[in-house]
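This is the structure I have questions about; it appears just below.
Chain naming follows the written order as A, B, C, D, E and F, and within any one chain the residues start at number 1.
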Amino acid sequence: MDNNLLAEAINLTLFGMGFVFVFLTLMVLVTTVMSLLVKRFQPNLNLATTSNIEFSSDIDEKTEAIIKKAIKMHTKT
Amino acid sequence: MEQFNILWNNTGLYQMVWGQGLMLLVGILLIYLAIVKKFEPLLLLPIGFGAILSNIPGANLAVDGGILHLFYMVGIESGAFPLIIFMGVGALTDFGPLLANPKTLILGAAAQFGIFATLLGAVGLSALGVFDFNLKQAAAIGIIGGADGPTSIYVASILAPELLGAIAVASYSYMALVPLIQPPIMRAMTTEKERQIKMVQLREVSKTEKIIFPIILLLLVALLLPAAAPLLGMFAFGNLMKESGVVNRLSDTTQNALINIVTIFLGLAVGSKLMAEKFLQLDTLGILVLGLVAFAIGTTSGLLMAKLMNIFSKNKVNPLIGSAGVSAVPMAARVSNKVGLESDPHNFLLMHAMGPNVAGVIGSAIAAGIMIQFLA
Amino acid sequence: MEQFNILWNNTGLYQMVWGQGLMLLVGILLIYLAIVKKFEPLLLLPIGFGAILSNIPGANLAVDGGILHLFYMVGIESGAFPLIIFMGVGALTDFGPLLANPKTLILGAAAQFGIFATLLGAVGLSALGVFDFNLKQAAAIGIIGGADGPTSIYVASILAPELLGAIAVASYSYMALVPLIQPPIMRAMTTEKERQIKMVQLREVSKTEKIIFPIILLLLVALLLPAAAPLLGMFAFGNLMKESGVVNRLSDTTQNALINIVTIFLGLAVGSKLMAEKFLQLDTLGILVLGLVAFAIGTTSGLLMAKLMNIFSKNKVNPLIGSAGVSAVPMAARVSNKVGLESDPHNFLLMHAMGPNVAGVIGSAIAAGIMIQFLA
Amino acid sequence: MDNNLLAEAINLTLFGMGFVFVFLTLMVLVTTVMSLLVKRFQPNLNLATTSNIEFSSDIDEKTEAIIKKAIKMHTKT
Amino acid sequence: MEQFNILWNNTGLYQMVWGQGLMLLVGILLIYLAIVKKFEPLLLLPIGFGAILSNIPGANLAVDGGILHLFYMVGIESGAFPLIIFMGVGALTDFGPLLANPKTLILGAAAQFGIFATLLGAVGLSALGVFDFNLKQAAAIGIIGGADGPTSIYVASILAPELLGAIAVASYSYMALVPLIQPPIMRAMTTEKERQIKMVQLREVSKTEKIIFPIILLLLVALLLPAAAPLLGMFAFGNLMKESGVVNRLSDTTQNALINIVTIFLGLAVGSKLMAEKFLQLDTLGILVLGLVAFAIGTTSGLLMAKLMNIFSKNKVNPLIGSAGVSAVPMAARVSNKVGLESDPHNFLLMHAMGPNVAGVIGSAIAAGIMIQFLA
Amino acid sequence: MDNNLLAEAINLTLFGMGFVFVFLTLMVLVTTVMSLLVKRFQPNLNLATTSNIEFSSDIDEKTEAIIKKAIKMHTKT
């Protein structure tokens, strides 16, 4: 019985590690291809960056940086 | 006088068995580690407190009808808490360094050998009669080597809920101990020259790549390992919310209020699994030993894989970033950086190590999916 | 080799039926619309992601025991999520413009004709054998014309849960498409001269009026249409928390953490209703067509009512604000403003359009109450 | 049968739209009367405005405005 | 015409019984007190709104299947909401003043006599046939004298859920009325000279003491009164999260988003216990009268204990801080300060009164534990 | 019967108030001892104060104070 259990465990290990490698290797490939495609067809996607942040320009950049840090300090701690 | 007797018979003092007393001390120890030693305080403080609450004699907080038992049933038995935490972790993760150097994914794969070696060890020691773990339990223990708290809790809640308390405590404790566990292994497995390898600077990664990545991850999981879909699906969802830039208010709440609320109740609920009669067993000791072994083997296999890759690859990797493949984000990556600086004070490995570090999160979720697929 | 077979037989690839593959593409489409086209991303991103998760072959996330099914049962089946969202919407709504010009409530009433016309259409087409909707289903479809996501979801969960996925997707998609759907109708139904009508400036509204308004709304609902009390009660409660000024911390949390958390889980739970075998039916196509018709008729009837009011009233209203009566807050009001500026670049209709806009929220909740009263 | 269904639908439409108009017209009336009463009996209700915000005055108004915007940016986006 | 009849027969107007009409007015009164008189608005606004929603004829929101009933079952029946609120209160509490002058704990003990005296009164009046309360009900009513909302709700949910609505309303109302109830008693029970007593300045309390205190509190409760462990355990946990300084993100969320969310739903859920047929009974009048008596006796016994302590102690305490022992944090401490300033405009008692004030929270939780221990 | 109830209530009161006093008196003692011990063995515990707040020093203290107040205003109201 115990030997059977051990055999199962070995099987699981072989298949498990194998699958982990297959999966992550596949991710390397797919990710690399994806990055190449993205770089090739530099998309004109109008991707949001900070478009939904309404922040009028009369605040100088340094103040803004200070405030952002303050808010970050507040939210991340 | 009758009242006095009732009162006295109902005190914790009168009802306490030695195990409960010991567990109160364990709870205090965990709180001490959290506060004074800063061991993963976000989890170990609530878990430690939950351990005390669960072992108050006569209070019955961790059994049917108790509030901690309620938290456990609602949040962990259902799978919701670890999955929500994983969504939050996704929203806090930056895949930039990984996308800049995708082959570090392989390091995140190699480090999962700690999981399976430990599974083998647990089964082997049970065959030898040292412990008495079945295959499900062995798998749940192995996942400790994934160095990922929510993954460990999720797998344990499915495969071996009776061991969940010990597994969670081992998982978070060893994650906190990464700066102690890893460096000796790292120094032993690498040469000074290897530790001085300078890696090529990481390229800039575009927003578009970062947005597409979680969708690719989700689809690969969907096609190849549906059993990992809950974990990696929620993870990818959190990451997509963050990177898409169009749902900032959802992403912010996920990274803050939501993950914090769930962390509190997850911790207390895990504490409910630290009741004396369940926790004070030889099994727990086995879990602690095997968990440490899992971390060590994972660290080693990550390092070795990095050295192996250098044989075949032109762009050498510093093998010190291999150990970050166990995850324990971002602690393990910081350890890679720190050990690297010992050999070359101008060689900052932090960003390079972030790649295998987040790859390790994916890797152990895949390993978890395999375990659930075959054993649940 | 046995393991390999098990693994292969359990992959998503092996188990996938064509419908699931199609639904994965639908999910990706919704995510694309949310991220790139900015279609109501707060809902469509989670719904799209939920759609993918629900259609992963073998993962069973949207059926008994799956996490998305759990979210659905806890949040939508119970009615809690849409009602909490409605409370949050109440806390985000300013009734000032409505109170300054109460007769715009009538425009919010007229625009609900889209709801009932669509109900008639759905029943009529079913009588003709084109579709096969019963009265409850027809009513739930009609509510799409109310242009209010949570109202649609709430009504569908009660009257036709089997159609909830398609109704929610149609509802949010068309709300996002308001800037495309409405302007042609607005230009066709009004003359250039009407579009140039300048409205009298709105008066200042006092804090006291704003505080009393939600209480009046609640009491009228209580006295006249109890079936609408859950929706409008929670809405009025949210608004009262905001306007009262004495529970700012509750109001802030309602407008931020609470509504965000519920939105995430509402979206995922709605996604669980997009499983291929339920969603890929002729019914869904019918819902998409009828929903669009509902929006168009609602827009038209709002415009016509504004023109009718001008016949009897001294203070003319610009008919362009009539179309805002469908709700879709604040998109429809912005559309009124934009189309108005085309005819007179100095005529800002935004605040005038906010009155019918929020009136439309009340109007469609009343219509929802009627449906539930007679059909539930 | 189907005709019966259609008849029901027509009935529901008539009563439904009728009720929607009755209800919202009633709201117009009640709201108008309420506004008149409020204006007439200008209440001395001590209504909270920002009384529970403690903000000492040593911060100049411009800085305050900047910070409020920053916080709004942070919370609403 | 049939439809018209159905509609009319379903209106709130048609179905209303006089009791529901009266309760709508009670709900409006509570909202008025919350908004205009600022009576504990965080709770009384949601409770008042919940009272209205619960008494809408035909809406059935507070019975099986209704949303408020759901909130009640999930949050109060389970015990979760009051315990989570108590965790939040712990995270908002500073034990510094108490640690600086620990003997003020005795004042927090004395003020609990209001609880037990009221228990006696309720039982006595029932023996005389004036009311008809059993022992459990009498205990739940007595706890109103603890001047602690969540404690009252928690005890009532266990010992006398049928009285929960009235007890919660009485509890929060009298807490709001502390500035009216206490000063006359304080002036009557103390001499001008006593009110001018200047207390020695409080010493600085170290971070370490503040961290250890909640753990000591927890352990004492665990050893001596397990029945109080849920309440004081969660309270101590909240306080430890705050003072430990290592889980600031959890502590912040507990003090803000989490306590706010739970407060909203707790208030609405309590409102569900204000249905006319349950609330409009002689019992409710009895609860209101007895609750007021409880506050008055608690205030008196706190004052008398302070005077008693001055007989034996060298460092005199100003007896005005004794009344703060009822809790009602921080209102009662402010009242001590204000009445003190009347006798000596340079004698600030606020910080001195905070000691007995937070001690009162512990004291009434202990009293609650006793009640639950003997009667549940 | 009612007398029995009254007797129970009196019993509960005596034991209850007694226990409340015993418990809180015990807390006075234990707390006092704890404070003494803490003062005696001034612990070298490396207790977190604000260590997990990363706030670079290039922001002057006054600005920081302003921002902290603003954030407090935002979160506590």
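Please note the rule applied: contacts are C-beta pairs under 8 Å (C-beta built on N, C-alpha and C of every residue); 3 or more make two chains touch, one makes a residue touch a chain.
Computed from a predicted structure; not experimentally measured.
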{"item": "Size of the rotation, in steps of 5 degrees, that lays the CA trace of chain B over chain E", "value": "120"}
{"item": "Of D-E and E-F, pair with higher C-beta contact tally", "value": "E-F"}
{"item": "Same or different contact residues where chain E meets its copy chain C, judged by the half mark", "value": "different"}
{"item": "Whole-Å gap separating chain A and chain C, where each centre is the average of the chain's CA atoms", "value": "32"}
{"item": "CA centroid of chain A to CA centroid of chain B, Å", "value": "18"}
{"item": "Averaged-CA centre spacing for the pair chain F and chain A, given as whole angstrom", "value": "41"}
{"item": "Centre-of-Cα separation between chain D and chain B, whole angstrom", "value": "47"}
{"item": "Two or more partner chains touched - positions in chain D", "value": "12, 15, 19, 45, 47-48, 50, 52-53, 67, 70-71, 74-75, 77"}
{"item": "Shared-contact residues (touching 2 or more other chains) in chain E", "value": "3, 7, 35, 38, 211, 224-225, 244-246, 248-249, 252, 256-257, 374"}
{"item": "Residues on chain C engaged by chain B in the complex (per definition of touch)", "value": "3, 6-7, 10-13, 15-16, 24, 28, 31, 34-35, 38, 41-42, 45-46, 49, 52-53, 56-59, 61, 66-67, 70, 256-257, 260-261, 263-264, 268"}
{"item": "Residues on chain E engaged by chain F in the complex (per definition of touch)", "value": "98-99, 102-103, 105-106, 108-109, 112-113, 115-117, 119-120, 123-124, 126-127, 134-135, 138-139, 205-209, 211-213, 216-217, 220, 224-225, 244-246, 248, 252, 256, 359, 362-363, 366-367, 370-371, 374-375"}
{"item": "Footprint of chain B on chain E - complex, ascending", "value": "78-80, 83, 211, 215, 218-219, 221-227, 229-230, 233-234, 237, 240-241, 244-247, 249-250, 252-254, 256-258, 373-374"}
{"item": "Residues of chain F that touch chain E when the two form their complex", "value": "2-3, 5-6, 8-10, 12-13, 15-17, 19-21, 23-28, 30-32, 34-35, 38-39, 43, 45, 47-50, 52-53, 75-76"}
{"item": "Residues on chain C engaged by chain A in the complex (per definition of touch)", "value": "3-4, 7, 35-36, 38"}
